[in-house]
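One chain, chain A, appears in both complexes that follow, with chain B as partner in the first and chain C in the second.
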Partner chain A sequence: MRMVRFTPRFWISAGVFLLVAAFALLGPIFVGDKLGEGVGGLYDPPSGAAWLGTDDLGHDIFTNLVFGTRTSLIIGLVAGAVATVIGVVLGLIAGYHGGVVEEALMGITNVALAIPGIVVLILLSVALDFRSIVAMAIVIAITSWPWTARAVRAQASSVKTREHLDVARLSGASTLNILLWDVLPYLMSYICMAFVLQVSSAILAEAGLSLLGLGPSDSVSLGIMLNWALVGESVRTGAWWAFVPPTLLLTFVAFTLLMLQSSLDEVFNPRLRRGRQRAGRPASVLTQVGAPAVDARSKEGSPGA
Partner chain B sequence: MSAPLLTASGLTRVFGHGRNAVHAVDDVSFTLGRQEVVTIVGESGSGKSTLARLVLRLLDPTAGTLALDGRDITALKGSALRAYWRDVQAVFQDPFSAFNQFFTVRRLLARSLRLSGATEDRGEALMGQALDHVGLSARDVLDKWPHQLSGGQRQRVMIARALMLQPRVLVADEATSMLDASLRANILNVLGDLRRDYDMTILFITHDIGQACYVSDRVLVMCQGRLVEQGPTDEVIFNPRHEYTQRLLADVPRLHDTTLG
Partner chain C sequence: MTASAAFGALYSLAREEGSAAMSGFGGARQSRRKFLLNAALLSAAAGIGGSTLTACGQGPSGEGGKTRGRTGKEGETLFIAGFQWGPPNHFNPLGQSAAWPCGQGSMQLVYETLVRFNLLDGSLQPGLGKEIQEPDDSSLVVPLQEGATWQDGKPLTADDVVFTFELAERHSELSYATFWDYVEKIEKTDDATVKVTLGREPYNPALVKNSLASTFILPKHIWEPLEKQGKPMGQHENINPVGSGPYTVGSYNQQQLALTRHDDYWGKEITGGLAKPKTIVHPIFKGNQDGDLRFERGGVDVMQQFTPQIWKMWEVKKLAVSTWYKKAPYHVPGGMPMLVINTTKKGLDNPKVRRALGFAINYADIADKAMSRYSQPANSSVILPTGAEQKFFNKENVAANGWKYDPAQATKILEEELGAKKGSDGIYVLSDGTRLGPYTAQTPTGWSDWQNALRIVAANAKEVGIEIRTKFPQAPNVTSSVQAGDFDLACWGVASTNVATPWQRFRDVLDDRGVAKPGKPAFWNYGRFKDPSVAKLLDQAAAAKDSELQEIYNQLDTIFMKNAPMIPLMYRPLEFFEFNETNWKNFPSEKNPYAPPMFSGAGITWLYKIKRISEA
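And then the complex of A and B:
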């Protein structure tokens, strides 16, 4: 029954993401360790020696791009993981426990949601003297867990109505055991999707902060490259190679992750699946256009039958 | 009859507060005698399932006390509560949602067995025995996933699960209402055998007064959280005193009236 069938969309987006990751991880083998070394003059245009030209300090932009992607991905993955863990733990406890615990935890979550994330991000970043990559990731995670917590709580409280939790309790299972083995597996698909979204928004959040000059110290990220391009007035001097590559790469990564998330939605929720089955039945398309109300009703009716 | 096995007195459970308060179970008192089969009937929303959950200690009562064998078990916690669940087990209504779909039958049963503290070999034997008793073969079902079993098989696995622990009280909360008619009779007979073979007391909960009549020694009638009538099955069925019981009985389709009438 719960057969997970991966769709082409999933394979394509996962493949593209892996390509980007490979670019960041294996790139140094090809570009060598030229990070921070001057290889040319101020804003040299792209050439055979420097494929994407040089930046305002004469550093190779392609090298920056490789290491910057690596930093951005690490921050995205760490921040996404931390935010997902916080969100899942709080959401699970709130949803499973109910009552006062739920009210309290969701109160905290809503307060955290109501505070504008960007303000907290900026304040926390300013407060840290030295911002390591991990510190950046944690700062971003602190502002982004509430959405996951809310989604997980909603899912957990719907799983809670299932009788298998009563059976588990009657079998003497502890609360932790029940949360881990009886509730969590039912939420795994949601958690996967939430994680992918968190990674994508964390990468963008890092870029935003870094653009403002609040990025990780002593390293290069896609956002920091944008910050350098901005400070070095590359736009005014027409040095497009300083800001176009990081911008494109950021957009590309974010787009790929969003596509991965929506394809996961299709994988876990077969009713959203598109493609062959639909295309083979033009009649149902006609019905949908002609009588949307009837179709909607019949769809709602089907799971109960 | 000697001293009752399970005594509930003044059990009350209120959901919500103030003006939204719902008295799901309101001052219900009853006893279960040893080896007795007692049925609670009532329409949906009458509080029978809440009562079952109170008896099972899955839900804490707002007021009232429960006693097993004369021992107050209303406030049990932790390991004492686990010990109580060795004596009192349940079979639930929905054979689909009662299964964790990520567990095989073996894992489900093994988890319950930990309550009894049986060793692995002994556990394996107990599983086989219990499955055998409900007409399933251990070889066929132990390593199956829930979705590979039919509704009737699932419900029988659930009964086997409860059985394995050899509880003194079995609460069957609408245990047959999601099954088709032939299976229902089968399960009811299994429950009947249990009482005889395992010295088991059964609290049977149903909305179907016909089933109540078929299995039980005594019937308790619930209406809007209150116990409105109780007595030996024949007396309640053939000589109902409360107006609600009369209405419940009047709603049972009467084949004789329509076909022969």
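And then the complex of A and C:
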């Protein structure tokens, strides 16, 4: 088995993401349990006591930022995972089965795709009186799985034609077994990338909902911080410290995750690995003649390749 | 957007007395919810995920220059904001959420009331009627102003007044139908005099006066034929409203509502001339932020919006903006949002626990931050310490029996008086095993000052060992939970200052008569508090002379403080009154107090006294 070679871009974006995660996870050790405690007045500017100033309730914005990042990341990861799982399961079944099952499942997926996600998100959020962090994540996942399902179906239906699946079928393996051990591994690299993108878009979706005042109840997230800044009219009153830090952090997280996704693409897809090609490594070593271009990606990083 | 721009104004009238009144209140909230949803959907559609859309009405840009004001038609127009948040639906004062200014309790531009409440001294100023006379203790007599006419030229007589009130006797769904709970009959003694005969059981002249001061009088010749059509009275759209006021509805669309001055206004002799603005335009904004921004730029002259840190506009930006007071609390208090406690929930059913909570809350913090300094720290009294109610406010009684922010005292009550033990999680458990929390505190989403107040309450409570979680559902959901008693804690309103407070507020807080069982909607005493001595005291107070009132209110307030069925969180103005003098000047203020800082009731006075900035 050949080792996957990661590019510097991957290491940088993964490193930055880990930094942000560490900020959210380890931050409380440094800021203590000041969440929800008044440390100053209404929109005090940054000072030694409150590094990023205070918000509309006199709470420390740095503390909010630490806990807010944590909430946003949790929602992103949970929503990303749930959406990816739903998408992969439906996509795999549809792609592998084909026929009526595929038609039905993809029909549902297309319908889901056609409904604007943000409307469903708003309506679901409005319907929930108390929105826990997990409930919020699931609401976001419910609206974001379809495109993963479609892409996975495309991949799965191309893997379906491979010869080793015939061998598996002949040896009497069950459908579940085949899907898990003979199809899924070929898609792992793709699923990885889809997951990263889902996390990124879930974080942004949460921020958008929270900005509208429909975020998780009784907690703080980056979007909720923006909502507070908005209703406190911090822009008009000149309290930039209320809205700049969460905006920057959100931008940072989303950008890093997109970088990570595109660097993973580079790692898994030999055609994008220009640097390596120049170094004389044959990029097309595993590319089969006649295999669809998308397929090349999946094989590269998969354990079976 | 914040709490209660709508709430305060709507509440005071819609709530007047009871059930039917609440339908109007519900309607108002409906429009707020619709507004919220619209804002959300719009911003989503615009793809910016925020609610900072700029409304594109035809208001001025505020660039007309600081000294000369706006020119041309815009200069003769008064731009007003904070009353209308969505496209106008109808102009029927009998229906729910009528467009401004035709909803009951709005500024008296199109429709007028018999007398007008003045927030500053609690007096009733002349309106369509000259005054309310009390020839004996069972009747009220209102002589009408001479020469009053409808905008279509027909004379306004006692028949119209009698018709208006009797309409609510025949149609019990109307918001002022509770008038008839306290009134035996209303009749005309001559064309220009109306006599109201009070009921004996229950006897309450103050509530009746409040109805007389807050019900728009309708023209019989227009509404009688409509009534004969048999449709519910609230469903007529009344597209071309004919009232008796100084303005008529000119044009309206999704962006703005424009009123045109009615130059044949009957009252111009009494008011010393016509109202100053030829036109009044209310731009329809998508949210407070847009309105505040336009106001700051001089595109709105006067408004009723919660504007965080408005003092910065003159202290920092040196704009010609002001409120009634130039210093905190900036506005004249007129209401008292409460932390309503469900006295049937385990733990919260113990008055000592509720009092401990009273000691735990940092009222100064709520006033300073949640209310953006627009409130003094709330006292533990049902009586407002300012304005017309001030004479009843008993400082000594509050000091002796009430509560104030004192976490140590809260801990003392919990540990020594209740014998509660703190669990390892920092939350107290009563000796019978009841853990103090988690309790849920709720108020509608988007009502930001109330949301923030609850966030402070939750944090304060946690510090003394009571667990409170906040949740902010949609307004209609909060309304139905609060009314049905399906809640632990809620930030909610009780009667705002009017001619019947503090009596009406005591009723709202303490009276268990007329309160439905949990599960059915109640319209006061949402927490289902019961005390056997309250009913008698309230009845005494309703019939008492001013000299006897103090003693009865003291007793009622003491019952309130010993039992803490609700906890006053802040004082809020009846209406926020904010003005920008870049085009119009001479708005009333503390230094120039010729009119109360109101839009409704007696507030209309300032409309005749403001001046163009370009006038000498």
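Convention: the second predicted complex is superposed on the first by the 270 of 305 C-alpha atoms of A that agree within 3 Å, B and C clash if a C-alpha of one lies under 4 Å from a C-alpha of the other, contacts with A are read in each partner's own complex, and residues count from 1 in each chain.
We adopt the following convention: a residue touches a chain if its C-beta (ideal position, glycine included) is under 8 Å from a C-beta of that chain, and two chains touch if they have at least 3 such contacts.
Bear in mind the structure is a predicted one, so any value in this text is a computation, not a measurement.
After superposition on chain A, the partners chain B and chain C are accommodated together without colliding.
In the superposition on chain A, the chain among chain B and chain C reaching more residues of chain A is C. Residue contacts after overlaying the shared chain place A:Arg162 against chain B, while chain C stays out of touching range. Of the two partner chains placed by superposition, A:Ala94 touches none, neither chain B nor chain C.
Judged by the touch definition given at the top, the superposed model places A:Arg236 against chain C, while chain B stays out of reach. In the overlay built on the shared chain, the residue A:Tyr43 is in contact with chain C alone; chain B does not reach it. In the superposition on chain A, A:Ile142 makes contact with neither chain B nor chain C.
By the document's definition of touching, of the two partners only chain C reaches A:Val126; chain B does not. By the touch criterion defined above, A:Leu250 reaches neither chain B nor chain C. Of the two partner chains placed around the shared chain by superposition, chain C is the only one that A:Gly208 touches, whereas chain B remains out of contact. The superposed three-chain arrangement places the nearest Cα atoms of chain B and chain C 42 Å from each other.
No residue of chain A lies at the contact with chain B in one complex and also at the contact with chain C in the other.
Across the complex, chain A meets chain C through its residues 36-38, 41-43, 56-58, 116, 118-119, 122, 126, 129-130, 207-208, 211-214, 217-218, 230-233, 236-238. On the side of chain C, the complex with chain A involves touching residues 1-2, 36-37, 39-41, 43-44, 49-52, 288-289, 292-293, 296, 307-309, 312, 316, 362, 365, 368-370, 372-373, 440, 445-446, 448, 452, 455-456, 458-459, 462, 469-474, 477. Against chain B, the residues of chain A that register as touching in their complex are 1-2, 161-164, 166-173, 181-182, 185-186. Of all residues in chain B, those touching chain A in their complex are 53, 56, 58, 82, 85, 89-90, 92-94, 97-103, 108, 111-112, 114-115, 147, 158, 161.
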